[in-house]
Amino acid sequence: MRRGVREFVTVALPLLAALALAPLFYSNELLLFNFIMFLILAQGLNAIYGFTGYLPFGYVGFFGAGAYGFALAVMHLNASPLLAMACAGVAALVLGVVLTPLLRLSGAYFAIANLAAAQAVYQVISNPALQDVTKGPYGVTLSSVFAPALSYGVALIILAATLALIAWLRNARFGLALQAIREDPVSAAMAGVAVVRGRTIAWLLSALIAGLAGGVFAWHISVFYPETAFDLSFSIFAIVFTLFGGAATQLGPILGVLLLYGLYNVIGITVPQYFQLIYGVLIVLLVLFLPDGLASLATRRGFRVP
Amino acid sequence: MLRRVVVCLLAIACMAGARGAWAQQSRPADERLGGCFDGYLDKAQTEQASAPQPGQPGAPAEIRIGHLHASSGPYASISMPVYLGLKLWVEQMNAGGGAMVKPFGRKLPLRLISYDDQSNPGTAATLTNQLITQDKVDLLIADSGSVLTAVSVPIAREHKMFLFDPTGTGAAFFSKDNPYIALLADPVSTVWPRFLWEFLKSDVAAAGLTRVAILYSTNDFTGTQAASIRAALKAPGSPVQIVFDQGVPTSTSNYAVLIDNIAAANPDVVLELGYVGNDIAFLRNLQESGKNFRMVFTLYPGIETSTLLKNVGQSGLAGVFSYVTALAYSYPPEVGMTLEQFRGSWEKAYAKSGVEFGWNAIAGYVTGLVLGQTLACTDSLAQLDVRKSVFSLSGKLKTLIGTFELNEQGAQIGELTPIGQIAPEGKDGIHFTVVYPPAMASGKPIFGAK
Amino acid sequence: MLAHAILSGLVFGCYFTLVGLGLNLIFGVMRIVNLAHGDVVMLGAFAAFWLFALIGLHPLISSLIVLAIFALLGLPVYYLVVPRLLAARDSEMLSIILFFGVQQIIEAIATIAFGTSERSIPGRVLGSGPLHLLGQALPVAWVVSAAVSLLAVALVYLYLYRSRVGTLTRAVMVNRDEALASGIDVHRVSALAFGIGVALAGLAGVFSPFMLGSATPAMGGDVNLAAFAVIVIGSLGDPRGTMLGGLIYGVALMLMQTYMSAWANLLPNLLLIAVLLVRPTGLLGRQVRRA
Amino acid sequence: MATELLRADDLSSGYGKVRVLWGTGLAVEAAETVVLLGANGAGKTTLLKVLIGLLPAWSGRIEFGHEDITRLRPDQRVRRRMAYMSELGVFPGLTIEENLRIGGQFVPPAQLRARMAELFETFPALAGKRHALASSLSGGQRKMLGIAKALAADPLLLVMDEPSAGLSPLFVAEVIAVLRRFRGTGLALLIAEQNVAFLDLADRVYTLDGGRIGFSGTVAALHQEDALHRAYFGLG
């Protein structure tokens, strides 16, 4: 456990400090915010994929649920942003509980079923029949609570909590047990690990994190359509970043987001006309030549990656 | 507190701008729109000749225009023509030495910085911010397609940057408390269908066609239009009866069963409101189904005419009603090229690009024209002056798509598109007969043709 | 209305079987998810479009050319990426990301090459006017597309169940390790299945303008979602299951369009989840559940 | 002296970074039955996988019929008439006949037909269920099918990984009885086992422990090695 604290201090704190100070030096605050958001999402995905091997392809479902949890609380309850953030978390958690039976599926089946579930949530929320509740396909405007500086700060706090959670998972007995499940569910079960309970907890934590990310995204961006909140690229980006960095570590997804999302933006800004092509080629090369992520470069040489 | 004061001031400025006539009366004559507006192209040339004050203090080397487009993804087919139309305008201006910028009293070259958001709203948001905070653009233009436009609205507002919105018609963008936006080329969704419902309630009903079916795609653009049509048709005293009213997901690509269902409701008039892909699939399925309705209206035959013609064919379009945009109804422009000239330039520049000429291409070009006039009329590049300048054009600027006119929230209410009916022309061409409003009509509607 | 919905659902379902078939074959044999499947369908649509627009080639002839060329294109792609991918630790999951990258590449190149406007082939090319079938009027183009789809399903069935390589292919589907141990040249068998899978996607693309209205470089995503629904409802890896999945998908979609059109796209997703939870193996499948 | 069919020298291999084989070597002569005796985790399966080509040899050399096959793929080794029966041994999702066809995939069709007829004679329980799925068979029958499938290839050498695994003693005896019928038909057998009952078949024995060959020699010689005898046969 002490190692967890040390890892948090050495890895997470400098990152958090840098992100807290960055707006003073760099004025595209939204880009910084998106970095924070993807850091949260990548770590949330890490909690379920890295530690149990379930790849939630429809991870954006929780994100969207969080965004709409936030929006509905603001629109209908006139909630303060912080209360609405709580609603975002609750919305994602409820969705997580509803989708828990999906954990009975494995591999691609789980990934596809999870994707279908995210699509289903999107189709319900964007349906014109629910216009009075969700504004249906017409999108929401939350300008009454728009507060970019405050929501930036809240996003940082969520990131800090998420990183702390991952540092704990990585070093606590609970996290080790989860990884044992990932490697070999049958013998882990025989070793007395409460397989089902363990992975359910990881699943719900992961959902909660995505929901909070969605909530703070809704708050920060304030005008959006259901297509925005349920954009599949949130899932895909989070997955690609996590895998590129190396799942089941704290540092891996951080590096993944900083390098790949950084590169994504550099390409998007410098060579817009070949943006998609370059990014596609990059992803293919990464999977082929670095399938276990950046962290594996170190672990293969016998170093422990925090 | 400070913010509230600013908002109040802006609201006042907004009202002042919107009531152009009143505002002009109270200003000295030389500051009036007319002073910089009337045929500014010619004037700019003469100014050039008659020694423009070189080396105006503080004149920038270029005017930076920030823009977003989507080269891929679901919004690419709307966004790319707008982008290329705008690009064409920028290139033409630069070929002529740049655009006249009033505060510096001379022409300055334009630099278009257009990022690709790949139809991804999150990326569009970051790139909007990039344009404002890093590229420090002088003028900011949003992407087309309401989903992508939406994310730029609060960012522009937060940075007090005036947002030129070419075609993002979402009614929610335009509110009295946000002075930092104006819709340039498309009419806002709530007013766009006005001629349609008027036509249905007058001429069409008089011809005995009173049973109307509405089938719309459930997105902001077509859903809003459906809602305003519905409201108008249900208004007290309406002679029209809605017998079928359903939404379908925008991704719907097959309408055969829906057409069968509509036929079962036995309507006289079928309104199908969707995006390009929806209209193509609907009209193809309608033709293949062998079903006949006395009047069929869809949006895109008049908006992306050549795409529709290529995909649906002459026989599939014959008899269909649609909006008549500038593609088929020429307005004499006071500024910029005529339709024929623009179309010629487009074909020359983009024949091989795979992006069809259509309304959105024109919308991009008109966005450029508005930009140009704005620069020619603005007192400074301060964004509220830019806004004032844009609003001062309202009701006066006449381009190839008609008169540019904004309501006080910045939504486009001029440039209303009349209703027309398609007739075959030649071997595989078509032409529109304008049937409503009467003042513009060039012929009578023929019901029962489809 | 009910009869029409069911009948067109069946016809539509045949076509969607074809859309899912290639994806299913590749997953069944290699246990990798070809996320670029929908984009290959898109390429097939553009191939047929250009063959028609430039030299007036009938789509039925184009379909043969597309089958051959796409199969040949699939082989080098297989050898370039799949063996490396399969050697990785969690290849099933990694494949999703790898083919996401491939999808980006295909879409980017298609956009550069073809532009963003909608393209299609006129429906009358496959025969004009509605065809009356069991008292219901259906577009001829639909019926032709459905017939081609059925033929393709039948050929894949014959390949898998009546040919020597087909037996080896099914052996690889059943157990890749045992197939290796039995001396099956697993890469040759897989490459062949990959080529066929890609070719089937291309074939589905040829007929997509008739079934889906028009084609754009961005159409792949929606096609993928439908294909996933079809093959999971049926069962991953079994062409008969795909057929069943396709028919259920088609009929369910058309019934939803008839009675609750705004919710039409929700149903396939709910169906997919329900089928997986009640029968995780798909309606015709084998064990996939884990501890 | 009989001709040497398989010869492996100084093999090392393993999984990832974990080394399992440490300079292991063995040889099998034509028509000879060799049992590789070792406890769970001794490296038997690893050694067999290296021999058939499912795992790469990190070092060392394998010869089959005096040809260097160290770098060949499994299918290339099977083509050279070296068959392998894994612990699973069959494809449960395929029919019995299909399983046999896969076993005999490199045998010319006419010859395969004759071979299959022979096998159905040898395994009458399978003959009646040609078109049933292998998954419908009992554990013992599956093992028989596994043997039949491997034999369909008409191999010179059959390498078997624990044919007794998961079987009751009654079926183990049956398996041994079947294998005995193939001794002396020119077929060489290499059987990895921990069940000493298979020693009844053996011409020679290797013991494997910790990835290294301990003893090699005849069964009789093994019985004389007290320590080994105790280790494998227990105190009884």
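Order as written gives the chain letters A, B, C and D; numbering starts at 1 within each chain.
By definition in this document, a residue touches a chain if its C-beta (ideal position, glycine included) is under 8 Å from a C-beta of that chain, and two chains touch if they have at least 3 such contacts.
Quantities reported herein were computed from a predicted structural model and do not represent experimental measurements.
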* Any chain that touches chain C and chain B -> A
* If we define chain centres by averaging CA atoms, which chain lands farthest from chain D? Would you check? => B
* Geometric centre: closest chain by C-alpha means -> C
* Asked: If you average the Cα atoms of chain C and of chain D to get two centres, how far apart are those centres in Å?
  -> 41
* Asked: chain A to chain C: how many Å between their CA centres?
  -> 31
* Per the centroid of Cα atoms for each chain, what is the distance between chain A and chain D, given in Å? -> 50
* Asked: Taking each chain's centre as the mean of its CA atoms, how far is chain A from chain B in angstrom?
  -> 37
* Indicate the residues of chain C shared as contacts by at least two other chains. => 107-108, 111, 221, 262, 265
* Touching two or more other chains - residues of chain A -> 123, 127-128, 275-276
* Structure fact -> Which chains touch? The pairs are A-B, A-C, B-C, C-D
* **chain A to chain B touching residues, read off their complex** => 27-31, 34, 123, 126-128, 136-139, 141, 143, 146, 148, 221-225, 227-228, 231, 233-234, 265, 268-269, 272-273, 275-276
* Structure fact -> Interface with chain C, chain D side, in the complex: residues 52, 54, 73-75, 77-79, 83-84, 86, 88-94, 98, 101-103, 105-106, 149, 153
* Which bits of chain C are touching chain B when the two form their complex? -> 1, 4-5, 8-9, 12, 107-108, 111, 113-120, 122-124, 129-130, 137-142, 211-214, 216-218, 221-222, 254, 257-258, 261-262, 264-265
* Asked: Mind pulling up the chain B residues that touch chain A in the complex?
  -> 71-72, 114-118, 120-123, 125-130, 133-134, 146-147, 150-151, 153-155, 158, 170, 172-173, 175, 177-178, 218-220, 223-224, 247, 249-250
* Structure fact -> The residues of chain C that touch chain A in their complex are 27, 31, 33, 81, 84-85, 88-90, 92-94, 96-98, 100-109, 111-112, 221, 225, 228-229, 232, 236, 262-263, 265-266, 268-270, 272-273, 276-277, 280, 288-291
